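Would you mind keeping the following structure in view while I ask a few things?
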Amino acid sequence: MRSRDTRTAYLLLAPSLFGVAAFLVLPILVVVWLALQRWDLIGPRTFVGLDNVVAVAQDGRFARSLLVTAVFVAIVIPAQTVLGLGAALLLNRGLRGSAVFRVLYVLPWICAPLALGVVWRWILAPTDGALNALIGHRIEWLSDPVLALPSVAAVTVWTQVGYVALFFVAGLRAIPSTLLEAALLDGAGPWQTFRLITLPLLRPTLFFVLVTGVISTFQVFDSVYALTPKGGPQGVTDVVAGRIYYEAFESRAVGQAAVMAVVLFVLLVAITLVQQRWFSRRTTYDLST
Amino acid sequence: MRLRRLAAVAAALFVLAACSPAGPDDPPAADGVTTVSVRVWDDQVAAAYEKSFAEFSRQNPDIRVQVNTTSYADYFTGLTLDVASGTADDIYWLNALYFGALADGGKLIDIGKALPDEVGGWVPAAVQQYTRGGTLWGVPALTDGRIVVYYNKAMVEAAGVDPQNLTWNPTDPAADTFLPAAKKLTRDAAGRTADQPGFDPGTVTQYGFNAGRDLQAIYYNFIGENGGRFQAPDDTFAFTEPRSEQAFSYLVDLINTHHVAPPASATNTNYDFSRDQFLQGKMALFQSGTYNLKNIDDGATFAWGIAPLVAGPAGRVSVVNSVIAAGNADSPRRDAILLVLRWLGSEQGASFVGGEGAALPAVTAAQQGYSDYWAGRGVDTRYFGAAGGTDTIPAPSGPKFGAGSTAFEPIFNDVFAGRVPVAEGLRAAQDAGNAALR
Amino acid sequence: MTVPRILRNGAAYLLLVLGAVLTLAPFLLSLMTALKTPLQFASQQVLAPPAPPTVANFGELFGGRYDFVSPIVVTAQVVAVILIGQLLFSVFAAYAFARLRFPGRDALFWVYLATLMVPQAVTIIPLYAVFADLGLRNTFWALVLPQLFGSPYAIFLLREYFRTIPADLLDAAKLDGAGTLRTVAHVVVPISRPILATLAIITVVTHWNSFLWPLVITTGRQWQVLTVATASLQSQYNGNWTIVMAATTVAILPLLVLFLAFQRHVIRSITLTGFR
């Protein structure tokens, strides 16, 4: 019986095992191997040891892209969390039509980030874009090195707010109304109730939103590619995923791109583990609702 | 039961899935017809090629030619990936920026050896540009001729400017007739020109000129006309030399000091911004090449003319660039490829390109058709030739020019946008470009 | 201290409407531009509605030099094949993990979970190298293979769900002489409809919008998907915003329609699973 189960189980698992091995595990090994090769896509691959590591360390652009990504995450995550929570509070007032607003807010998130990036590239275009036409002044949203990263971040926040709000709405609904009523009876004002009851009870949602948000924002590519190709003015929007893409497929320095990919992988695993530790230590409430 | 139905649907889908509506992966057609694919980046020439290949297939019924067009902006990224994975087309266009790496990588058919009898019929400058290591690496397909100035007749007449005789000068304002003309041709929303007090550069409705980070139409020629150079004989970049730097400074000032050209933020990322402004009647002088003639003839709804390119202290100096059709050395269809290439390099094969006015063919005997076509449309093409001057600045060269330009272009963007001082930016760009050559 | 309720609600509505305007404006603006001729766009106010509206851009998109039909069909094919493969193989694997006992189960499940941490930017280069070496680049299979065999994430979700299925149901099927496949098809799948629908939505949205992998693994028109076609059109017709906006409209619209049709379910799915 048991051995039949085993056979059946492995038969059932065979396709996904192949998928996981071939497309998730094997690539990790191959990328490490590629990191030790010189390869320009056209010629043969030659083993160069740690030359690529040295080259990446000397080329400031990778370090810059890590910094750019960190700043990008640092703008997007707080902004989308605060705005998402705000939207959720508004949506949770039991107002008529809330459901419609909720659906509208999620619209950008369902669409291809690339297509939305192209739309925003027009809206933010310097001479014939919609935004500058509206304000009647030429502002270089995407080509000014100071404005480019905040502009790209704003577009990202615009796509994510409704999505983040959904989780907060679910989290708010899970808070027993008796708790809030009791607080009001005790004479607590709305702000106090929010700070002392709502916010602590939202903590699991908050952590979920932060953890998934940081990880996905760290890997942003499509919208940045569409808005500010090739790293933007002075490379101020050269996020890590884009740097890896351009290094491999435009500069054709595949070995160096592989080194960057390995570093990114290690970084993301570290971020995930740290967040998970934090998450498991801090979570006191169950998210299951 | 349901499982079986699902399986049937799945099976049907998998079978259907493997066909793309865009073709061209249909099974090798019956009766041993070979399909040769050709990749180009120019829509106008692609249309002429379709007609040319229809005639070719009439003469060679066992070969069909498929033309694939990719936008120029994505052309070389995609081509490189395709060459790397062996999925490149049988024949593809190359320009000076990228051909060296592919030639050195052994990816191209040696045309000098394969079609030795044909070489004499091709424009010598093009043959020379694409000869590396004593070998010619492609059939010259197009040559851009000399750079010219397209002008909006009503605008130059209104401003009293003669576009035929403009000279720029970076050091002697008295000798500079171009800048005052460009200023007169630039207007803001209130109708004030750039040389009038109160001119508002924020609301320009008509630009005088298309200065910008445009290698072929703008900065190469300006460098040449100031006696400077872009590359040293060993192909390293040498554009920080004083004369080259003066030319860049002059161009940057046209944009950011005098505001007679569109902001660099618009032109840096959009190769066609200035052409579109010109076509929309928002630009007076548009310096460009043969490659935009058909676009302008199709798109302009106003009277326009062609003048020689703006002269500099060293006279009229133009870059003359050519494009080759290269044969894919990894393709198993070598014989068919050579037949198609021989056709493209023949007078008859190239005549469709010239005869449609799409571009100037690099097959000498087919060039007359181009002039005839345009003469028939009342367009004088002589300034693309010797009437527009005879001096040239060498076209980009070297196997890694593409890698170098990938490195220096972002810095040029900043230079043209006025975000870094010209000297400092050029120095950084040159260092980055030369680093990429190693 | 106490602001009248009606005022507070009024303020809340105002903010909600403001949010809705900010959310919808880009969609409406791009649609308006898509309905203008290039001449109208150049000569009229950017914010003015198209007068008169024209579908010429869409005509050129589908009938002209730029064939946008093929990318739609290719994208639909890719999504359909991935959808079937993912659901089928994820159900298989999840059933094994949830309902069968076999040596190595927990260790293997942890491996699956660990692969959730592998970002796409890391696998893209090695997968490109492998596919190029195998001669699979620029083929339909290159687009679907990496996703075809189920995703660890879907397996994880399904496993959680399958574990809640009462054992009696499965035992009853077994007593009736049903094999594993029959049990899965006739007992497990029917009760798991909600989670399967959720997964289907996730899969469709993710792969309809997918960009980076198709960008590097295909070139040219033949296997171009919608996102890549949109990006390539924007670089080719850079500045010709009317046709570019027509393209983005086409790229966005199918999912928007799908979303509005199933919005209740989609929203529930998102909060249930937090996908992406």
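Think of it as A, B and C in the order they're written, each chain with its own count starting at 1.
Just so we're on the same page, contacts are C-beta pairs under 8 Å (C-beta built on N, C-alpha and C of every residue); 3 or more make two chains touch, one makes a residue touch a chain.
Here's who's who by UniProt: A = Sugar ABC transporter permease; B = Sugar ABC transporter substrate-binding protein.
Everything quoted here is computed from the prediction, not taken from an experiment.
Participant: More C-beta contacts across A-B or across A-C?
Facilitator: A-C
Participant: Measuring between mean CA coordinates, which chain is farthest from subunit A?
Facilitator: B
Participant: From the mean C-alpha coordinate of subunit B to that of subunit C, what's the distance rounded to whole Å?
Facilitator: 38
Participant: Report the inter-chain centroid distance for subunit A and subunit B in whole angstrom, where each centroid is the mean of the CA atoms.
Facilitator: Here subunit A and subunit B have centroids separated by 38 Å.
Participant: With centres defined as the mean C-alpha position, give me the subunit A-subunit C separation in Å.
Facilitator: Chain centres of subunit A and subunit C, defined by C-alpha means, are spaced 16 Å apart.
Participant: Quick check on subunit C: which residues sit in contact with 2+ other chains?
Facilitator: Only 42, 88, 128, 216, 235, 239 qualify.
Participant: Would you pick out the residues of subunit A that each touch at least 2 other chains?
Facilitator: 125, 229, 249
Participant: Could you say which residues in subunit B touch two or more other chains, in rising order?
Facilitator: 81, 84, 269
Participant: In the complex formed with subunit C, which residues of subunit B make contact?
Facilitator: Contacts found on subunit B: 2-3, 10, 13-14, 16-18, 20-25, 39, 43, 68-74, 78-79, 81-82, 84-87, 269-273, 276, 280, 282.
Participant: Over in the complex, which subunit A residues touch subunit C? Could you list them?
Facilitator: 2, 5-6, 8-10, 12-13, 15-20, 22-31, 34, 39, 86-87, 90-91, 93, 95, 97-98, 101-108, 110-116, 118-123, 125, 128-130, 133-134, 158, 161-163, 166-167, 169-170, 189, 208, 212, 216, 218-219, 221-222, 225-226, 229, 240-241, 244-245, 248-249, 254, 257-258, 261-262, 264-265, 268-269, 272
Participant: Which residues of subunit C touch subunit B once you look at their complex with the stated criterion?
Facilitator: Those in contact with subunit B are residues 42, 65, 67, 69-70, 73-74, 77-78, 80-81, 84, 88, 128, 131-132, 135, 137-138, 140-141, 144, 181-182, 185-186, 216, 219-224, 232-233, 235-236, 238-240.
Participant: In the complex formed with subunit A, which residues of subunit B make contact?
Facilitator: The touching residues are 77, 80-81, 83-84, 101-102, 105, 107, 202, 262-266, 268-269, 403, 406, 410, 413-414, 417, 419, 436.
Participant: Which residues, counting only subunit A, touch subunit B once they are in their complex?
Facilitator: Going through subunit A, the ones touching subunit B are 40-43, 125-127, 137-138, 140, 142-145, 229-231, 233-235, 249-252.
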